[in-house]
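Mind looking over this structure? Questions follow.
Labels for the chains are A, B, C, D, E and F, by order of writing; each one numbers its residues from 1.
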Amino acid sequence: MKFALLVNEGPFTHQASDSAYLFAKAAIEKGHEVPRVFFYYDGVNNANKLSEPQADDRNLVKLWGALAKDHEVDLVVCVAAGMRRGIKDDILAEGFRISGLGQLIEAGLGTDRLVMFGD
Amino acid sequence: MAFEFDTEGVKKTFTFLNRKAPYGTIYALEVLETVLITAAFEQHANIVFIDDGVYQIKKGQDTKAVNMKNFLPTYGIIEMEKDDADEDEDIDMVWRIIVEKESMEARGLTEDDFKVGVEVLSSAELAEVLDQSDVVIGG
Amino acid sequence: MLHTVNKSPFERNALESCLRLAKKGSAIILFEDGVYGAMAGTAKSDMVASRTGDYEFYVLGPDLAARGIAEDQIIGGVKVVDYGGFVDLAADKGTVQSWL
Amino acid sequence: MLHTVNKSPFERNALESCLRLAKKGSAIILFEDGVYGAMAGTAKSDMVASRTGDYEFYVLGPDLAARGIAEDQIIGGVKVVDYGGFVDLAADKGTVQSWL
Amino acid sequence: MAFEFDTEGVKKTFTFLNRKAPYGTIYALEVLETVLITAAFEQHANIVFIDDGVYQIKKGQDTKAVNMKNFLPTYGIIEMEKDDADEDEDIDMVWRIIVEKESMEARGLTEDDFKVGVEVLSSAELAEVLDQSDVVIGG
Amino acid sequence: MKFALLVNEGPFTHQASDSAYLFAKAAIEKGHEVPRVFFYYDGVNNANKLSEPQADDRNLVKLWGALAKDHEVDLVVCVAAGMRRGIKDDILAEGFRISGLGQLIEAGLGTDRLVMFGD
């Protein structure tokens, strides 16, 4: 089955990004596909490559990037939400790309389930 | 790795569930941006207002003194999209703008308080609509 | 003290907790989505209306206007202030406690 | 359908709204701070306990463990699942609706 | 423009009001970091747990499966700071760790459920403590 | 009177930064001082100089910077909260500086009121 995910919050302040990541990982381990994760609202902050958590903490920016690389997950940051919040190519982490909201609707159309994580 | 989905001829019902008050958070505005995109894909849409989301379409919003963008005019655009879809037989797209009666009444509002024309449904009726959605997006 | 509440009483428990833990005689200002707590004729109006004898209630006018709430829809005894009035309250009432 | 609730029923109205608007027979999973809604013996336990005949309730084990809630503190009739179980529910129950 | 405050000899009572559950949001952790800094300034502190904040100090938290940092050990450090302040006569600093009885009971918890020793106060008693704070920080 | 402010949320998603800014402005107009605004939690995102809202929307990053310049407001971004969230010198907007949490406690001690804005 194909799952698309929508992530509405940045890392750390809310658990949303953690939950979405662990859901995606579990789905892939079960043999499902996660062709796209769309980052909207404060979710765009997941793509900030400057993020540097303490050594004993998880680094969600890198975890998402690795998942994308290993399992061909398309990580899309909403351009309008990102512009407002200062998430642009200058600081975009590896594995992410910036595109329009149409990519969210397209993911809703092209997958079996859209699952949303946020506050 | 711009992934290509095969969405040719796919038709789904998107429900946009608005549960948050306007201005305290940006969810109202950014959900609206998503709703407008859905029109470009010619998809069915339920734009649903429940809980504090019913306040989003209350008439008379004036945001000058809080220095924020007024979201209200955008709902007018959504109503126009809906009317276009209703009237143009070439557009295979059904849009519904729905307010939950229980949420509205708990907040002391009536249909006359809203900026756009809405269908008022009971919780039980709305539960059926939600249950028949293919994709639910909200904030 | 001045207590500030910025959440809708329909969505969160901030106003309820404030009214349980603010000492009688304190001032309470409702702002941002908190202003819905100052509206008359809602299912939550009684939270504030029943306590106007215990607290001085204020509501921020610019946040009411943004949300399309007219001043005649406000619970009796709740005073409308602007940002300058908010500052005066913070200056005059002592420590400020925000119920986030 | 699968409904997901990630908020504490003490703090927000998400679970209450879900229980008002989810069609009978739906599955509901409580996760993140939503897991507090699955605890027995609290002032909010009845919200879930009184509806186990109307819905299939699930709760995410990893979120229970993080919060120090033992499985024997869970309301009877609520099933504990892991992330894999969450994925199975999302796959099996149809459209997923998140009560954020 | 690193501003210089004259804080020489200033002594205040800081109240840290914890109202949010752990892990769903980071507030619990980041408030803790603030509490620890307060010790360095040798200030009075009330570390107060009300509403879902009482869950922050519940025993037995195991965050391995959610891949997050366990906040609980940090409360042990705070208890140590408090004990130091209580025992060392040279430190003019009073720290109190307080749980509101009503919040605790509504959540089916008792004092034995907590990782750290706490004072359990009624709402009315806690209202007095809050009212005598100079600075309230919380999340 | 001296006011210190604590801002816990970034711009846009929550109204907190707007409210704090308008409160600070009103305080200064009334003749009070606002010697320091401390940005903590997601509030650190107020200092992201890449933020580029739509033309008809307010730009809080610049509004804060202008307030700092015109009225000697010390805008302090918490270093630990900023590191986690990727707010570092690379993208720090004019008028802001990065420092430790001690600056928040110091502001609490050195002013008459600390007022907190957040979610």
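Heads up, the rule we're going with is that a contact is a pair of C-beta atoms (placed from the backbone, for glycine too) under 8 Å apart; a residue touches a chain by one contact, two chains touch by 3 or more.
Model, not experiment: these values are computed from the prediction.
Engineer: Under the touch criterion given at the top, what is the topological distance in steps from chain C to chain F?
Structural biologist: Counted as steps through touching chains, the separation is 1.
Engineer: Please report the minimal path length, in steps, between chain B and chain F on the chain touch graph.
Structural biologist: The least step count works out to 1.
Engineer: Compare the two sides of the chain A and chain F interface and say whether they are made mostly of the same residue numbers, over half shared, or of different ones.
Structural biologist: Over half of the interface numbering overlaps between copies: same.
Engineer: Determine, using the mean of C-alpha atoms as each chain's centre, which chain is farthest from chain C.
Structural biologist: Result for max centroid distance from chain C is chain A.
Engineer: Tally the contacting C-beta pairs at the A-E interface and at the A-D interface, and name the larger one.
Structural biologist: Pair with more contacting C-beta pairs, A-E versus A-D: A-D.
Engineer: Farthest chain from chain D, going by mean C-alpha coordinates, please.
Structural biologist: F
Engineer: So how far apart, in whole Å, are chain D and chain F when each is placed at the average of its C-alpha atoms?
Structural biologist: Once rounded, the distance between the two centres reads 38 Å.
Engineer: Roughly how many whole angstrom separate the Cα centroids of chain C and chain E?
Structural biologist: Inter-chain centre distance comes to 26 Å.
Engineer: Indicate the residues of chain B shared as contacts by at least two other chains.
Structural biologist: In chain B, residues 23-26, 51, 66, 68, 134-136, 138-139 touch at least two other chains, as defined above.
Engineer: If you look at chain C, which of its residues touch at least two other chains?
Structural biologist: Residue numbers touching two or more other chains: 6, 10-11, 13, 32-33, 62, 82, 95-96, 98, 100.
Engineer: Would you mind listing the residues of chain A that make contact with two or more other chains?
Structural biologist: Residue numbers touching two or more other chains: 8, 12-13, 15, 22, 41, 54, 57, 80, 114, 116, 118.
Engineer: Report the complete set of touching chain pairs.
Structural biologist: Contacting pairs: A-B, A-D, A-E, A-F, B-C, B-D, B-F, C-D, C-E, C-F, D-E, E-F.
Engineer: Hey, which residues of chain F end up touching chain E in the complex?
Structural biologist: 6, 8, 35-36, 40-41, 68, 72, 74, 80-81, 97, 99-102, 104-111, 114, 116, 118
Engineer: For chain A, which residues count as touching chain D in their complex?
Structural biologist: For this pair, the touching residues of chain A are 1, 3, 8, 15-16, 19, 22-23, 25-27, 29-30, 32, 112-119.
Engineer: Could you list, by residue number, the parts of chain D that touch chain C in their complex?
Structural biologist: 10-13
Engineer: In the complex of these two chains, what residues of chain A are touching chain E?
Structural biologist: Against chain E, chain A makes touches at 12-15, 18, 21-22, 54, 56-58.
Engineer: Looking at the complex, which residues from chain B come into contact with chain D?
Structural biologist: 15, 17, 19, 50-51, 100, 102, 123, 126-128, 130-131, 133-136, 138-139
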